[in-house]
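Once you scroll down, you'll see the structures, which are given as structure tokens.
Two complexes are shown next, each including subunit A; its partner changes from subunit B in the first to subunit C in the second.
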Partner chain A sequence: MAQAPIPGDGRRAAGLLAPAYLWLTLAVFLPLSAMLFFSFLTAAPFGTESPRATLENYRDFFETPTYALLLWKSIRLGLWVTLLCVLIGFPCALVLARQIRGRAREALFLLVILPFWSNSLVRVFSWAIVLRGNGVLDRTLDALLPFDVRLGLMFTPAAVVIGLVHSYLPYVILTSYLALQAIEDDIFDAARALGAGRITILRRLILPLSLPGLIAGAVLVFVPVVGSFMEPRILGGRFGTYFGTVIEDQFVAVFNWPLGAALSFILLAVVLAILGLSSPVLRRGLT
Partner chain B sequence: MTRHLLLTSLLALAAGSATADEIRVLNWQGYGTDLDWAVEAYAAATGNTVLHEYFTSEQEMLTKLRTNPGAYDVVLINAAFTRQAKDEGLIGPIDTTSMTNFENISNGFTTDSELVIEDAVYGVPWTWGLTSFAINTNAFETAPDTIQVFWDPAHKGRVSIRDDALEAVQFGALATGQNINDVKDLDSVEKKLNELMPQIRTFWSSENDWNQYMAADELDLATYWSGSAARSADMGLPVAFVVPKEGAVAWLDGLSIPASSTHKDAATQFIDWMIDPDFYTRWDAEGAPASANAAAAEALADTSFNKRVLGDPDVVARVQFQKPVDDATRETYLELWQGLKARQ
Partner chain C sequence: MTGLRLAGLMWLGLVLIFLYAPILVMAAMSFNASPFYQLPFEFSARWYHDLAENAAIRNAATRSVLIAVATTIIATSLGTAAALALFRHDFRGKRLLKLLLFPPIAIPWLITGTAMLIFFFAIGLGRGTPAVLIGHVALALPYVIVVVNARLAGFDITLEEAARALGAGPWTVTRRVTLPAIAPGIVAGALFAFAVSFDQFVVSYFLSKPGDSTLPVLIYTAIRKGFTPEINAVSTLIIVTSMALMLVVARFFSFGGHR
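Take a look at the complex of A and B:
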């Protein structure tokens, strides 16, 4: 890979990269900096009064124990959902990549991606119909089982986890699949020839070699789930208050944009800190 | 006959203006001003057309007024927010001399309300109603007469209240026998609400939510608004509105004209039509809150929910009208409510 750069390459690269960076500036950097700006104001700059600069929104977070409690709840939710996505998604990807060939694989792939084509709100509402008392799930189980079934899943933390796992599972499957597919078949033949059993192959070869994909998937799941608000609000009932829903409230119900922005940036900082702290582990996995 | 009356009264209103205007109304969606037949009747009589824009919270309404000066001609403002809107210079005084129905508005609403400030009318009293609760009639043999039924273990996991800090605290204030506008013992309210939490199935946030949960038989009882209860019952849901002996929160909605409106005459005409008995009796048949216009309320059939329940002097004596809430109090309530929800 380490080749001497050809003269003029830098300029060409800059030219080719410019659209991407322009897009990043427009779509990510500008809105984010506007929010960062809001988070240091006393009020959203709409009214007749001009807002003053303040640190109070950030101080609020540290002075109100509620926010820390909610943040912890959200992180725990993120860890649960990520764990379940990995436990379900990785075996799925393994089967897809190593066992199934040809058309069947294409069809299964389509089934994995299909939920992504529908609006996420529609998906969550479908879950509400399935999970609610006397809903699709209850009735089906009732018809199949001889005894009376009342799961009562709707409006519980379990319902939130189910909805989120369903929404984010494809990320883990797709990233793991790509990593698994890249492993050469010869390696397995070699391992088998040297007397390695299935478990050893899984533990010593498949897992380490596909770890980068698995970790990328886990990060893709964890980050948005910590800030999720729609699924908890619709499926969680009285348990559905998380850090994300409180941020949403600040923007939609209470109209305290500065506080909402400050809470968002605290969330961003905490998520980055978590990723930073785990980066030695992640880096080892990615190389 | 009604139709004829309606048109003549509108024509009388229209005599003043010759040119056609387009007025923009800012309101909750599905709240009276955007009824097709009402807008059509107004257009037919005055030649003016009506466009609507909606908000989903009072804060959003205020933000829209602040950010879009000149965009609206009529805005619905809850009486608890009218003074704030006036103080910010968002709405202007309304000249009621050209209105034919203004004199029929109940005295209580014009003299003793937050809508008339220093003898100038900043909001025309339009509708009022109660925030109390409604029961699923299938779950009760006789309707309860006390708010304490929310804490009854028999209904554990079958109750709901709205996800709103102010409403929740005022609900707790009623349950602990306090004045909703001056909550002295906030700790007992918090304790009471904390005991309510395990009873709650979910929170509701819109009328649509409420109807869905009731239709899916998720709830036995839930806090609700009187006008919405009438609409839900009208849709065929097994719902009965209850005003318990502890009382209920009453609110008053007024129609105001933004100071920046460029069609003030047309807006005044529209408001006059909105408080017209002809408009109201027809709206009531489809499920409306109570009218602030005494003549309109009188014109209702005796079987109408608004005349039967809200016209009952015993009920009126029990209600507490909601006063403006300052920002600091609002903040305190919000913190209390978020804290309660977070600990679930």
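Take a look at the complex of A and C:
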């Protein structure tokens, strides 16, 4: 962007920027640094014990197989939820972007992304009402089907997956839709004129051109799902122990903050690795 | 051809049912007389009456709204100022400053929330409403800056130059020329900030004091203790509020684009 210099330039810019960035520093960047620092201590420095520097918290992670297993369980959960969101959401975005026109499209698109800004805790809770034993879903299926149905979905890993897909599906639809909508119609006319079939158009044109949007959506789903703890707690029951819930426990139940900090940082490392790997595609998708 | 089109429409319909059915079931159950969601359905507004008399829920709701309003005011003013500076001025490190907006959005709230908890204890602030407010503003700021910045991209900077050439001071230029031109962006940013704060659970959960919590934290605690129909009623109210708010935002932004 080319801009005209304004008198008193530098100082004015700094004055406008400082409040926002000081706030972010105080509330996000310093806390993250503090957490990294704490993860190398034996105890929280405001307790009665005097803290020493240690690698013990990280050794705990590597020597206790449970933590690694739970991290892997969370990553697997993230992969499943992401895959389902992509499989369900992409066709949905395709229909919205290429099949429906005008005001109907605007209204349907709004309907799809409306839940996205409503409270996710409340939406997870609504699934608990639907899925619980002898609840609405069981009764409905019972009435519709001739045989006895006991789904027993509540407090299973499947319930956690359903709740998470419900929470994050709009992300994939949103990003895929934006990418699909940006494709010019002329390309399809040209491809058809040159004799390309429907499958060829999907495989050689639509998929590659909308891939950045699809991947952006997948990352937006995967990252928070790996760190989820509220959804497994409410819908997972005794199967609901994941890496996120273990971190939550360190801060609200066990009060082993240094271990919690170390586990949080390991999670952050995983998240950053994923973001780093996808950043070339993401950058293309965002510009 | 038509077969495929029909299949597409049906898929979209199924997805919409998946998205809305549980919410509608919850809303319906909040009017069901049975506290254990027993069927057959029997209409009753009892849980909404109970809700009005439940002081804990009322206090938490008031606190949530106040925090959201304060977050909106602070994040919108600081964020608009920062967006203006990022738009008007060219300086070294501008790319870095824009990049720094992404960690608060991209890092899972579990990590940000626990990090804030540790840091606020380390500096002696501890848990409580001030800590929650500081956290909410930090989460809302990047959204405001990004949204206002997007609106500024369509603003003609020569209007500012013209105003200056006509003798307007920098404050007058901002107040009389720039701010009115980007007002829809600022309003949208403010609504985003309100939604981020009002719906925020994770960060509030780690930062609020027990017995002094926001509405989502209260709901989470109640769900974990067991189902209560009042929570069902208040959840229905929350979701209706959020969706109404989102519809207002949609009026300022044309989602879906025009073609």
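Going forward, the second predicted complex is superposed on the first by the 239 of 287 C-alpha atoms of A that agree within 3 Å, B and C clash if a C-alpha of one lies under 4 Å from a C-alpha of the other, contacts with A are read in each partner's own complex, and residues count from 1 in each chain.
FYI, contacts are C-beta pairs under 8 Å (C-beta built on N, C-alpha and C of every residue); 3 or more make two chains touch, one makes a residue touch a chain.
None of these values were measured; they are calculated from a predicted model.
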Partner, of subunit C and subunit B, that touches more residues belonging to subunit A: C
Partner chain in contact with A:130 - subunit B first, subunit C second, else both or neither: second
Partner chain in contact with A:187 - subunit B first, subunit C second, else both or neither: neither
Which superposed partner A:73 touches (first subunit B, second subunit C, both, neither): first
Contacts of A:255 with subunit B and subunit C, given as first, second, both or neither: first
Touching partner for A:202 - first (subunit B), second (subunit C), both, neither: neither
Partner chain in contact with A:267 - subunit B first, subunit C second, else both or neither: second
Which superposed partner A:241 touches (first subunit B, second subunit C, both, neither): first
Intersection of subunit A interface sets (partners subunit B, subunit C): 44, 46, 132, 135, 252
Residues of subunit A touching subunit C in the complex: 1, 3-4, 6-10, 12-14, 16-17, 19-21, 23-24, 26-32, 34-35, 38, 44-46, 88-89, 91-92, 94-96, 99, 101, 105-106, 108-115, 117-123, 125-130, 132, 135-136, 139, 166, 169-170, 173, 177, 181, 198, 223-224, 226-230, 233-234, 244, 247-248, 251-252, 257, 260-261, 264, 267-268, 271, 275
Subunit A - residues contacting subunit B, complex: 44, 46-48, 64-66, 69-70, 73, 132-135, 154-155, 236-241, 246, 249, 252-255
Residues on subunit C engaged by subunit A in the complex (per definition of touch): 4-5, 8-9, 11-12, 15-16, 18-23, 25-26, 29, 37, 39, 78-79, 81-82, 84-91, 97, 100-101, 103-104, 106-112, 114-122, 134-135, 137-138, 141-142, 145, 157, 160-161, 164, 170, 195, 198-199, 201-202, 205-206, 216, 219-220, 223-224, 227, 231-232, 235, 238-239, 242-243, 245-247, 249-250, 254-257, 259
Touching residues on subunit B, where the partner in the complex is subunit A: 56-57, 59-60, 62-63, 66-67, 88-89, 164, 197, 200-203, 216-218, 334-335, 338-339, 341-344
